[in-house]
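Here the chain labels run A, B, C and D in written order, and each chain numbers its own residues starting at 1.
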């Protein structure tokens, strides 16, 4: 369980679908794990024009059945927002809707623009006003200031100004555009739904809504969806299949496929490779940190022949943890979220599989929990390499200072976390799970496929 | 009771006041009659910077006590929003907050800019994006695009571009600006509160918060409030005291004073003049349409010597009127809001005083209600002249077509409303209640003191 | 404005009416002034049996439109609850519903049973368990323990055990019973609604729902409403028309008629008699404490020929008054509820009409408010006699100690309240407003028509 | 996943603990899986006496942090309620609080009284009134009617009247009683918390709150907790350790221990025995129906050597399934709750482990889901015997008619469910998991350890 990793958002869109806002609701619900802070849906219908509903909170909290009863839209886009820092966060909830002189359109964005601050600075000097503090709005400003006259050309010219990681959906009255950056850092897939189309950050949302997967949007591609069906354009010539490896390791739903690789299978394989790195380690049981590390634990068990078991359980009723006056009461709040099956771990040498380690605080807590419940030894095995570099592409990993692997040796980490041994999947093994020259491993290697501009982040 | 007259909003601001957001809450509460659709408060504090809370609903619904417990701001501005037409209304809730390159500020606006569509069109052609569908945001865009370098000059140059009716409050980190258009169409007053200042659309808000009235902001004036106290500037040379006559007739709270004239007294006097127009009319009792016409009814009674009585009562618990399947159930919803004291009106010749008539539907309903409860005759007397012209300054009177007095003769109106006689206060008598060459009577005379640009409204 | 007088509740029932729960909603809404603490509706329908919805809060807060969409009941009873003291108040919200061996029924109650504690004690000794802390539940316990075999006889025998003030509605599957105590202390009227019937604490609820008044339930009468129409029975032989005088003076809506006397007219007449007591008192204007004293003020003005004016206005948007840390902030909360029109009272000798005085604190506050706003003199005239005795019949007047008129001379009261003179309507004049030997004047005279048992209340 | 099995409630109590209501909140939260319909907490404090908060909804929905800020109680009891049928359900939410002549106490109950209807009938004939439609209130009525004079004797005599399954907590001002029926059908355990005690339906609640397990309450035992510590009494001489086997099979949290047997381990063992029944069945993978069947699937895999995998995932964000007009939209709602990892099941012979089968509808749905996602064969293995008899002890299994195993042969079930084979754990194997002569297997065998009276249930 990556303790502070948070992914920037999920997107879902509908085109030519009856009850589009409701289908969008279910699509967003399936993407809820990508962002729990806010959500919204923008629908378009000839009679009622654009209607926007958005706000803070979970999809199931924000929307009510009555929201969908008379909402006639056949086209729509939606968004789930991850938690951001700072105060007036409500302004960042998407979709953004723009009603300008001759054009009306909505926009949702998953990713992070690396030159956002430079473009924003320049535009503000020229008198533009931004409502949100996030970077997602920039595309609309570029679009409205574009010198081109045709919509597609305006979009292309705008996309060529921005750098970084992005999956965009743009909804005009008669067209839906699905766009992915030239490195394909963030996933985006297209599905068929009756006579219409859906677009989603993850294919799991197709399973839930009953859509049929067609294909992924390609890196550098603009897929235009209209009454003519799908049309493909490219805003960039040199494109690369560098999907973010953390999508497989941590973010995505196990049911999802990215580039036709299943996420659960990826994790099982990573667990096998991890076990193969050090044959015959003498553990008694293999357990995973729920929920995201269970698949890797299973893989580790298969390879090592050590028995897989369920030693940690996540509480499915997400309780409010009230701010408490005493340490004792605070600890109850944490215990409430994760529980140990004592009989499973007692007197055992536990191989604890975690998908990734960021600050190490969660690992430290879990190791202590296991030992308090009688585990003889706890050996932490991480199904990804040490995270040593900051992310510039939309993962919320703050700074060097907080990255335990960037600041400690293995032995120091073992001491900090309180485990008996610790090892990570090697970067070479991680790369084996990708086709040659594919994947982005930035936070593990410091190699950034898309240009970055904000270099002080890592300091 | 003007049946579709709705006024655009009320504003309240605090400078150098402990618990400013809470004082602002009470101030807005006192202005609630100026707008029930939405509300918001923007507070500034050195530590926490700008914090904004706003949304749809009444002030007492939107804000909770916990909102104010830890909100340390000493400066603030707030707004109550009247109902607008159309869908995505939430974007129009004020204050607006702008965080641009070198400047952070908030803005609230009461009024209507007559050349908004022209300026907006031009700015959108140049690539500016507006979030709200209302006109209030324009000032901020003009400000950020101004070629001037000093804040005050930027404000002045921006104000000189816009026309129409406006009372603006602008809150910067260290300064609060209170601004009134050159005709003084919308009211705005300044008060003292301990060592600080408050600014409000109506002086009633001073009574409620315990502030002491200092003076009105003058037409064309910019009052800058800072740690130096009040400083006065003018953005316009030719200014006129043309406060909107409807402020006295209908909008403002009876306790408020505008240009040092009390609203209740104004209404009493209008009732006297109305009675004086036709001496010795043989009614049995004088009753007013609650609540805004009670003062005029009292004046009419004083002058005519006919006894004043209470024949109509407004229900003080504002019940939800659910959408109903049958006519019978719908009528209950309406009856719920206004009730007749049968014993008062039965077998009487009722002089019914109404402050104004717009579409005539409410008058028609009340006359029917009185007759159903036994009134022998109902003579409608209106304490303002016939409304024959559209408003361009922020009153929600839609079009010529809906204005009963623009489309019918007195006899036609009598027939439509179902009353036994009908007369209006003459425009000359209305003008007697103002100082010479003061006041705006646009909707009665078609004379518009501020330039108007959208001439198709009246068609 | 009686400062701590609170009346115990209002009731409304429907029989053989389409959408009965919705009609009941509107009926309760019209009775909202009788109790703002809680409310509820019990509906009966053959298919769905009894359905009960109740809770704390105003009628318009507690019920939503969706509550009524599929609620098919044709019979129903409802209740509005006044504020009670003590903690677990929710258990007292009515209707109460009882599902016992062979009988299902609901009950609502307005009034106070004077021997409740004695009956309750006895029943608890025998093992009965009461859910509510209020007395209203007792009737159901007596009913279920009755030795009689017929429903009507059970009801009669139960009613003969209880003493005090009561208006009861009992809803069985096929019958609705409307019951009034033998002194008729609490009002209860019957109306016709299409082919069915409504019953209400006040006739104003008939005006609102569109029902037609038939007659009052008589003292000591049980009106049985069934498919056979109305049938009349008496549980008591010696009955008296002793309706509580405070119903006219303070509780009831001005539109309501009780015993065919209109409440507004009663108050106007009380104001005339009050003025007639002291001819030619030299005031400049007469103003009433809104809203309940306006009618009396009008009467005083008519008789005295002194001009009536509006000097105090109640804020119609009932704002939350947050608990505040400082005296200054607390005062804002109070000011928020009532405002003075300075120009009306300034330099005037004000005759201030109040309907009644209990503890004197509100009068004291208003006198101060008027003087702070420039009133030269304030002469308080009370349209009812001094309250010197506790109530045992359901008015929330706590104890002797709190009753200002029971503890002070006129001069002491003048000093405490801060007014320039003070006088009350004489008891003889009050009685003139009733038919001979009718009316209950208990709190003014100490004469109690119904037996009382709890004598330590007045100490 | 037992498709209609619902367990009746969970209980949690605190004695002599700082912030007892908050600890109770966390305790109930840990028991949330035992009842999601309603919840409540009753706290006792010398100053404020008893305070009760309860209502419909989840623990985390019903309670807010402000509920606990000033709630000083050191003793408390709480309850989570499972879903009941019928309308006026709110009356069944516990704790029940009774304020009778000389005694005040609260009560929570988990279980089902088999002679409730007989006792209730009798008491109602004698005039008692029950507020709730559930049976839990009966104990209080027996208590108040008891002829005994001492509290403990009253409790004992009351317990001797009732039959069936129960775990009761009774909270008096100074004492907390924890009681378990003579067969020990429902679990109840005692823990230490600082200087005080907690009592809970499951030991998992001790893990969450940080309490230390002491022992289970014994069958037929009354544990009295007071300032003297724990005291043990028995209301019955012949007691048996017949804990409900479904507590292990389905209801309880995997972390919990009942009679010192861990629930997860129990399930693993049941899976092993199930596999051992039919050696060498040729499946490719073993998957469990999440969440409750995962442990059994793991056991099955261990014994059979067939690989365990994760093929079904439960959505952790429980979305609202809106009532939908079309079949297509309804299906989305269901898909939303459970998803398949296609790559895991495709072309595989799947051994699907389910903990129990009631009506068979869920099994049917899951088999179809797996086959639609490419599973070659689906072999359903159930980790408990066929359910052929109704429950009288608080499990919500309605009637014979709905029990698939009571009405179909294995082959008919295979056809209905659509699987390729089906087998159940034998009753002999289930019994091996219990000590000799322990456990209740009523719904599997029709043998009922506690007397039953309502024999028409099974028809």
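Everything below uses one rule, namely that contacts are C-beta pairs under 8 Å (C-beta built on N, C-alpha and C of every residue); 3 or more make two chains touch, one makes a residue touch a chain.
The UniProt protein names, listed by chain, are A, B, C, D = Amidophosphoribosyltransferase.
Keep in mind the model is a prediction, meaning the values are calculated, not measured.
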- [ ] Determine, using the mean of C-alpha atoms as each chain's centre, which chain is farthest from subunit B.
- [x] D
- [ ] Please work out the Cα centroid separation of subunit B and subunit C, and write it as a whole number of Å.
- [x] 37
TODO: For subunit C and subunit D, let me know how many angstrom lie between their CA-based centres, rounded off.
DONE: 48
TODO: Could you tell me the distance, in whole angstrom, between the mean C-alpha positions of subunit A and subunit C?
DONE: 61
- [ ] Return the residues of subunit D touching two or more other chains; collapse runs of consecutive numbers into ranges.
- [x] none
Open item on the list: Taking the touch definition from the header, please name the shape of the chain graph: line, ring, star, complete or other.
Closed with: ring
Task: Chains that touch, pairwise - done: A-B, A-D, B-C, C-D
Open item on the list: Can you tell me which positions in subunit C touch subunit B when the two form their complex?
Closed with: 19, 22-23, 26, 29-30, 32-33, 36, 58-60, 63-65, 68, 204, 207-210, 253-255, 257, 262, 264-265, 291, 294-295, 298, 302, 307-310, 313-320, 322-324, 328-329, 331-333, 335-336, 339-344
TODO: State the interface residues of subunit C toward subunit D in the complex, per the touch definition above.
DONE: 48-52, 87-88, 97-101, 121, 124-131, 133, 137, 140-141, 144-145
